[in-house]
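Once you scroll down, you'll see the structures, which are given as structure tokens.
After this come two complexes, each holding chain A, first together with chain B and then together with chain C.
Then we have the complex of A and B:
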């Protein structure tokens, strides 16, 4: 057993390279998905049906598609529409699109329960449109849904493992490569699990810290 | 002590030149406002005007349309008919064309009307200072340093300097409402609207807010105050507008209104609510003097 771990240790550069990719993908996907979700949430809350309906359709659609299939579609099917992305970019796009739908729904829920008074005050003080959204609406709703957003970020990290099927060199992919080359499945996968656990734990700690600050404002 | 920059408008208002006075166009004119919610007439042909430096108190039973009237002034509620002018500029409709203004067009006008809400409506994600400087910086686009200095002076004025970096959730109701008043003043508004500013407060916290409001009135701030505090209305108002079932029933100076109300409705109202007259020091003194 320790022999297996020694082999993995010998190839730690590869494993850590995959880990770095996982971290980078998760970070970028979180940032981009949150930005996209903020925009979709506006559409979800729109009074105009023509704006609301497509956003609703997108969110509901994404929630019914397995992530794995979406990754296949972005990487293998989009080229037939003339959109050709390399596997890393395709993987990132799939993560962003998929999780933005979930995050938009989270933001919409928090927005719907935001007291009308804050918005009234915003309007009365001369805020309107995007400025009202960015300065008055978005900050409290983001703060209100910190714990749920934390879960979604962890979901992004775990979803990123699926990207091994389009050969994105992330953590699962590298662990899998090490195990198939040296036949050390237990050590390779357990090492990957430990690194995922570490990353998710860090996210949980960060979320707890942000939540602590958010609570001071409630 | 040098006068505070935020008070500049009010200070000038406090000492209008003898020639300006009556001939000057009112700061706020409400002209024949109607508002219906469903089948219910909330406001029926309501008119009032507020001159610079005046404090107008709007009194009336619950459900008489007082808050709706205030919310119509800054277009948080859209009146069905009628005109509202702020310093001569029509609110809600574009000049010449009768097209309604967009939210973006309303925004700069709203920024000139300060509003203090019943439930404070402070922004929870911002500190006390953050609440004060948010709109001056992001709506009025004034220089940050200037705005902060002014906000700090306002906090000093309402005696809450030490709460500068505290979030609203950590304040008492009275403190929240004082911050809300300072937030409105930080905009250097032409007129300040108070929508039952003390109704959500415990009786022991009302005093600190009423004191701030009385000082503002004395300093010559132009104010429209919807209130149930008869004592405040009597002490601070230049004019009482009595609203009942959406109609202006009586407009009188406070001494006339409270002592010799013109209408039966006002008499009934005072009989019912007069007992809740806040017995401030002045009231006690006044009643002693009368005896």
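Then we have the complex of A and C:
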């Protein structure tokens, strides 16, 4: 058994390279999905049906399908519409689109329970439109959603493992490559699991730290 | 897409549903057992369960399925794709179900347990008659939510060579060079499966409401 781990250790560059890709994909996907989600949340809260209905359809549609199916659609079906992406970009796009829907729903939930006085006070101070949203509405709802957002980020990290199927060189893919080359399945995948666990623990610690600061602000 | 293609997607749907159901049937009670081990603070076991849940919740199902399928034969336990898929789905969902059951157990009023002890109930009897009938109703929405999440992560089992809905759709797309129709059909199938679970939950809640006056 220790001999297996020695082989994985000898190829740690490869494993850590995959890990770096997983971290990069997760970070970029989180940032872009959050930005996209805050735009979709506006549409979800709109009073106009023509704006609200397509956003609702998009969010509900994403919540019905598995992430891998969306990744396949982006990777295989977009080229037939004339959009050609390499597997890394396709994977990132799928992560962003899919998780933006879930995050938009989380933001909408927090927004719906935001006290009306809060917004009225903003209006009284002369805030309106996008500035009202950015300065008055968004900060409290983002802070209120921190724990749930943390869970969604962990979901992004785990979803990124699906991208091994479209050959994105992330952590699971590299562990798979090492195992198939040297037949060290136990050591390769246990190392990958340990790294996933480490990354998710980091997210949980970050969430706890942000929550602590959010509580101090209140 | 030919009639044969639709049939193979339906076959994939049968695989997705049956493997997920087996995972649920084993994983829900297993989650309860794990939660009880933590709740009743069984010395070493409670800590082992906490560690298990922490690691399993952070492990992608794809990685877990690969680990189970390739590493078990390596340590002398030969395993076929279908059992490997069931083992990994169950290990994964049991960790999440454990947390759902545990939340319900932690919120359970101690006074009711004291009352049960006072009238001479053994811990086992108190659990069967007092605790369980209440916590399963509280846990139901969370458990069904986890079941829909399980359906959505189930395509991961394709990595051990099982043809589920998603894998069947990819195959058809590769054969016909028109990936969109099979993918859209697959989307509709997942929608129906998820809807089935949510409907079942609602009808159980309606039934409870009629019988007891609350859900």
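As a working rule, the second predicted complex is superposed on the first by the 217 of 218 C-alpha atoms of A that agree within 3 Å, B and C clash if a C-alpha of one lies under 4 Å from a C-alpha of the other, contacts with A are read in each partner's own complex, and residues count from 1 in each chain.
Note that in this section a contact is a pair of C-beta atoms (placed from the backbone, for glycine too) under 8 Å apart; a residue touches a chain by one contact, two chains touch by 3 or more.
Bear in mind that the values here come from a model prediction, so they are computed numbers and not experimental data.
Room for both chain B and chain C is found when the two structures are superposed via chain A, with no clash between them.
Of the two partner chains, chain C is the only one that A:196 touches; chain B does not reach it.
Looking at the shared chain after the overlay, A:135 reaches chain B, while chain C stays out of its contact range.
When the two complexes are overlaid on their common chain A, residue A:72 makes contact with chain C while staying clear of chain B.
Once the two complexes are laid over each other on the shared chain, residue contacts for A:117 go to chain B alone; chain C is not touched. Panel annotation: after superposition on the shared chain A, the angle at the CA centre of chain A between chain B and chain C (CA centres) reads 110 degrees, nearest 10. Among chain B and chain C, the chain that touches a larger number of residues in chain A is C.
In the superposition on chain A, A:158 makes contact with chain C only, while chain B stays out of contact range. In the overlay built on the shared chain, the residue A:127 is in contact with chain B alone; chain C does not reach it. Closest C-alpha contact of chain B with chain C, superposed model: 28 Å.
Looking at chain A, you'll find no residue that touches chain B in one structure and chain C in the other. Residues 74, 76, 102-104, 106-108, 110-111, 113, 115, 117, 119, 121-126, 134-135, 138-140, 167-170, 183, 187 of chain B are the ones touching chain A in the complex.
Contacts from chain A toward chain B in the complex involve residues 117-118, 120-129, 131-132, 135-136, 139-140, 143, 216-218.
The part of chain A that touches chain C in the complex is made up of residues 61, 64-69, 72-73, 76-77, 80, 154, 157-162, 164-165, 171-172, 175-176, 179, 183, 185-186, 189-190, 192-193, 196-197, 199-201.
If you check the complex, the residues on chain C that touch chain A are 54-55, 57-64, 66-67, 70-71, 74-75, 151-156, 158-159, 165-166, 169-170, 173, 178-180, 183, 186-187, 190-191, 194.
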